[in-house]
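Each of the next two complexes has chain A plus one more chain, namely chain B in the first and chain C in the second.
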Partner chain A sequence: MIDALFEGLFLVLQWKALAFMLLGIGLGFWVGLLPGLGGATTLALMLPFIYTMQPVEAFAFLLGMHAVVATTGDITSVLFGVPGEGTSAATILDGHAMAKKGEAGRALGAALASSLVGAIVGAFALALAIPVVRPLVLSFGSPELFMLAIVGIAFIASLSAQGVRGMLRGFLAGGLGLFLATVGQDPQAGVARYTLGTLYLWQGLELIPVLVGIFAIPEIIDLVVRGTSIAGTRPSGRISKGAFEGVKDTFRHFGLTIRCSLIGTFIGIMPGMGGAVAQWMAYGHATQSARNAEERKGFGAGDVRGVLGPGAANNSKEGGSLIPTIAFGVPGSTAMAILLGAFFLLGMVPGPDMLSKHLPVTFSMVWTIVLANVITVLACFMFLNRLASLTTVRGQLLIPVILMLVFIGSYTSNNHYGDIVVTLLFGGVGYLMVLGGWPRAPFVLGLVLGKIAENYLYISVARYEAAWLTRPVVLVLIALAIAVILYPLFQSRRRAAHA
Partner chain B sequence: MRKSGKQIVIGATGPGANTYDFPLLLKELLGVNIKIVSGYSSSSDIMLAIERKEVDGRAGSLSSITPFIDRKLVHPVIRARASEPGIEQLPVDESLAPNARAKAIMALRSAPEIVGRPYVMTPGTPAELLQTMRTAFASAIKDPALMAEAKKAKAELDYTPADKALEVMKEVLNQPKDVVEEFSKYIKFGE
Partner chain C sequence: MHSKASLSLAVLIMLASGYGIVTAWSWPWKAALFPLVIGIPVFCLAAAEALWTLFGANTPAGQASDFQLSRHLPEKEMMRRTALAIGWMLGFFAAIVLLGFPIALPLFVFLYLKLQGRESWTLSIVFTLVAWGIFYGLFDRLLHLPFPAGWLVAWLGLA
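Let's look at the complex of A and B:
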């Protein structure tokens, strides 16, 4: 195992593999910055270039590119409130709020440093888990995956504001998300639900246009109304010198960063959970770290822990999501499906052999993710403070650029005008939610997990009827979901007892 | 399968997909004791369900199942009319049909598999232009350079001549009303 680990590292450090990885990183860096132009699209575009490469070089190129997309995707989330990727939306809640408080540099520093820690922890957790990863994945059938989605939905309790009113709003927002997840053709009976007679809605609501609308549009309206720069009237000197403070924050809350990294790795390993889930579960866990009601209120208003959690989970899940792809041939995301295509192009067959006979190649992929993140974060720090200065540029100059990013980002989801309509519609919903003090995170969590939960519940009942409820892992996850729901209540009781 | 009496659980993505429609006809028309569990997000997701013994098998194209056959995770047991080298000896669903109507319904379902991905031209295209295109496709498939390129890209090139594709289309479009009605009872999409 250790031999394979080092052999994998040496494979990536061969000059050709390293050169291709650097090329991939360069491409991924810019793709991550551009909202909507996702890592998956770029992977697909780059696929024809790997024909003449050796497997290690090809994967260094493709994974190097893919690994940094999540890292640089955080940059637009923090600076402009526009999710660079569907997987970096959770960073907006506190990252952009920090930017508006004049702490863009600190938020970016925290996002990047936690991304780096996440990638490293994820890779090492994965390396340690390889002997048990196959039985682990196989022990999670549809009933367990359904319950895992329920645990995710239970985080709505933590993502909602305190008190009965806050909790009610959170669960209603989550319910709206769950309802909207039912839009589209249902996979069980093939019935088109709530499609309003349009073909566009047959495949359901695409996540990117919804996320861009619900998060970016309210920020743009806010910027227009304020008539200032994103950071308001704060002096630019302080804004552009906070990056190192963000790094220190990562180590101040190191335990949280590690835990969120492990959440990301676990969600990544689970086939069928999708890339967008990990960040929200990590964000939900980060909010649980608030020690008192005052601190809890700070989440969503610029608490650095709200940046560290999703940042770490986003990058740690990348290593994890390799497992179902390479060991079982089941891609966990569109990007991984394209990577699976690369396997076949290179004449490799995903399967158990990738965890035994070809383990060094598997480890070379894990190392690529780690090295790509290290290189990207170091490169980013060279001009992070300059990027942060963008938050001091007058709103009138920034708004056209942000609007362009918003509409290009949403339109490239399906190349359909429906994407723009969805963005505008959910922009209105998002703005009303912000005005009324309704939390947006539970809504997104409901939307992301709704379809997953519905599918696995149907399969579980169709396959096992009620017997699935007695499976041991299901029982453990039921207990975990209850604990997650009751945790905020337990926290407030404990606070009251201390007071 | 029919004689064993044991229920076979088949994983599927959903109605309208071959993973669902093929076992549905085996169940409804041949009386095989099949339980279809649909809702899996992809064919590979079903393969994982087979691996964790959640379902017993699935229907799908040979090319996508071959890696799993090689790993001895699954064994091919029955095929539709369209064949591929290596599975010619398998029983064909239509040949097990109890009557002519059931056979026609199975043939209708498998028609797209024979035609594959057709290249079509707009109505009113001059006959000589159509003939030129047909000859070009027939010649291209014999071109060693194209075949080498396809091999490099790990792409499978199967050619169905236009006459054969038209014959299948005519067969589909000229089915009697009662067959179409019964076919629609089983094969549903987007209702």
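Let's look at the complex of A and C:
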């Protein structure tokens, strides 16, 4: 095993593999920065170029590219409040709030350092967990996976706002997300649901236009209203000097970073969950780390822990989602499904062979994830302060550029004007939510999980009828969901009694 | 403002989920199961939020862990600037549909800088050229993304 580990490293460090990895990193860097252009789409676009490559070179190229997309996606989220990737939307809540407080450098430093820690944790999990995780994945059927989705929404809904009223709004936002996920052709009966007679809605609401609208539009309106730069009138010196402080924050809250990395890895392992879910689960956990109501209020207003959690989970989920892909041929996400295609293009079959005959190739993937993230983070730190200074650029210069990226980013989802209409409509919904003090995180998690949850619920009911509710793991997860809902209420009642 | 926005959202959600429930009733159970399982509680929660907003005015609303809009200006001025921002966005969208991205984009950037930003002619022209260069070089030439001609341009036969 140790021999294979080092053999994997040497394979990646061969000049050709290293050159392809650097090429992939370069591509992934820019794809991550541009809103709307997804890592999965780019993976698919690059697939035809690997025909002539050796397996190690091909995986170094593809994984090198994919591993850094989430890292650089955080940069756009922090600086402009526009999600660079669907998987980096959660970073906006506190990362962009920090940028507006003049702490863009610190937020970027924290996002990058936690991404690196997350990537390393995910890679180690990939190296160590394959024999352990097999029984866990195989023991989770549709009922358990459905309940896992419900626990996730309960988790974020109860933690993203305070008090009974806040929780009501959290659940309402989560429910709305789940409900809107039903738009489009139903996968079981083929009924066109809530398509309003348009062909565009047959495939459902695309995630990127919704995310870009709900997060970017309220920020743009606010920037126009303020009439200043993103960082307001703060002196530029402070803004660009906090990158190292962000790195220190990662180690100051190292336990949280590691826990969120493990959450990301776990979500990555679960088939169909993906990075968009992992970041919100991690954000929910980060808010839970607040020791009192006063500290909880800081989340959404620029608490660095709200950057560390999603940053770590985003990158650790890559290692996690590779586990079922490599070991069982079951892709954990869309990107992994495309990567599975690469296996077949290269004449390799995922499964036991990858853990015996091709073990050095498997370890070369682990090393690629680690090296790609180390290289990207080091490269970013070289000009991080200059990036942070962008928050001092006058609003009237930034707004047309941000709007250009927002409209192009959403349009490229389907190359349809409907994408921009969706962005504008959900921009309106996002603005009302912010204005009314509703949390947006549960809505997004509901929308992301909706299709998966529906599928698992349908299979559970069709296969087990009502008996699925009595399965032991389901009962544990129901108890966990109830505990997650009741705990904040119990906590606030206890605080009121003490006061 | 807080409560008006909250009430509007709650009513919108009630209408959407109500329509969803009524429509789903006629579908086969396979298609209706999830919309009903989710839609009914969402309708009830939205109704509770609407009633709470209307009749529970003295109850403080919980603070969301989310970003807060700036409130340093008088409400009238905030409304004016918000309307202006929405107007620019809708105008940009209309220009994209009518003229297509390649024309609408530089036009929007230039007009925004000149009219809203009150920037100098030199800066506005140079900035517009750079923005158009990025759009053309990156999205059109390098990534080959399809940007169709606008409806008006096509109708005039200029595409």
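FYI, the second predicted complex is superposed on the first by the 484 of 499 C-alpha atoms of A that agree within 3 Å, B and C clash if a C-alpha of one lies under 4 Å from a C-alpha of the other, contacts with A are read in each partner's own complex, and residues count from 1 in each chain.
One rule holds in what follows: contacts are C-beta pairs under 8 Å (C-beta built on N, C-alpha and C of every residue); 3 or more make two chains touch, one makes a residue touch a chain.
In this text, all values refer to a predicted model and were calculated from it rather than measured experimentally.
In the superposition on chain A, A:Ala189 makes contact with both chain B and chain C. For chain A, the partner that touches more of its residues is C, with chain B and chain C as the two candidates.
When the two structures are aligned on the shared chain, A:Val473 is found in touch with neither chain B nor chain C. Once the two complexes are overlaid on the shared chain, A:Gly227 sits against chain C while remaining clear of chain B.
Residue contacts after overlaying the shared chain place A:Val393 against neither chain B nor chain C.
Residue contacts after overlaying the shared chain place A:Gly166 against chain C, while chain B stays out of touching range.
By the touch criterion stated above, A:Ala301 is placed in contact with chain C alone, chain B being left untouched. In the superposition on chain A, A:Leu176 makes contact with chain C only, not with chain B. Contacts of A:Leu18 after superposition on the shared chain: neither chain B nor chain C is touched.
When the shared chain is aligned, chain B comes close enough to touch A:Ile459, but chain C does not. In the three-chain superposition model, chain A touches both chain B and chain C at residues 186, 188-191, 458. Residue ranges on chain A touching chain C, taken from their complex, read 37, 81, 92-93, 96-97, 100, 159-172, 175-176, 178-179, 182, 186, 188-191, 193-194, 217-222, 224-227, 287, 296-297, 299-301, 306, 394, 396-397, 399-401, 403-404, 407-408, 411-412, 415, 417, 420-421, 424, 427, 429, 432-441, 453-454, 457-458, 461.
Taken together, the chain C residues at the contact with chain A in this complex read 1-3, 5-6, 8-10, 13, 16-17, 20, 23-24, 27-28, 30-31, 33-35, 37-39, 41-42, 45-46, 48-49, 52, 59-70, 72-73, 78, 81-82, 84-86, 88-90, 92-93, 96-97, 101, 105, 108-109, 112-113, 116-119, 127, 131, 135, 139, 143, 145-146. Those residues of chain A lying in contact with chain B across their complex are 51, 137-142, 185-192, 202, 271-272, 324, 328-331, 340, 344-345, 347, 349-352, 455-456, 458-459, 462-463. Across the complex, chain B meets chain A through its residues 9, 13-16, 35, 37-42, 44-45, 47-49, 51-52, 54-55, 67-68, 70-71, 152-154, 188-191.
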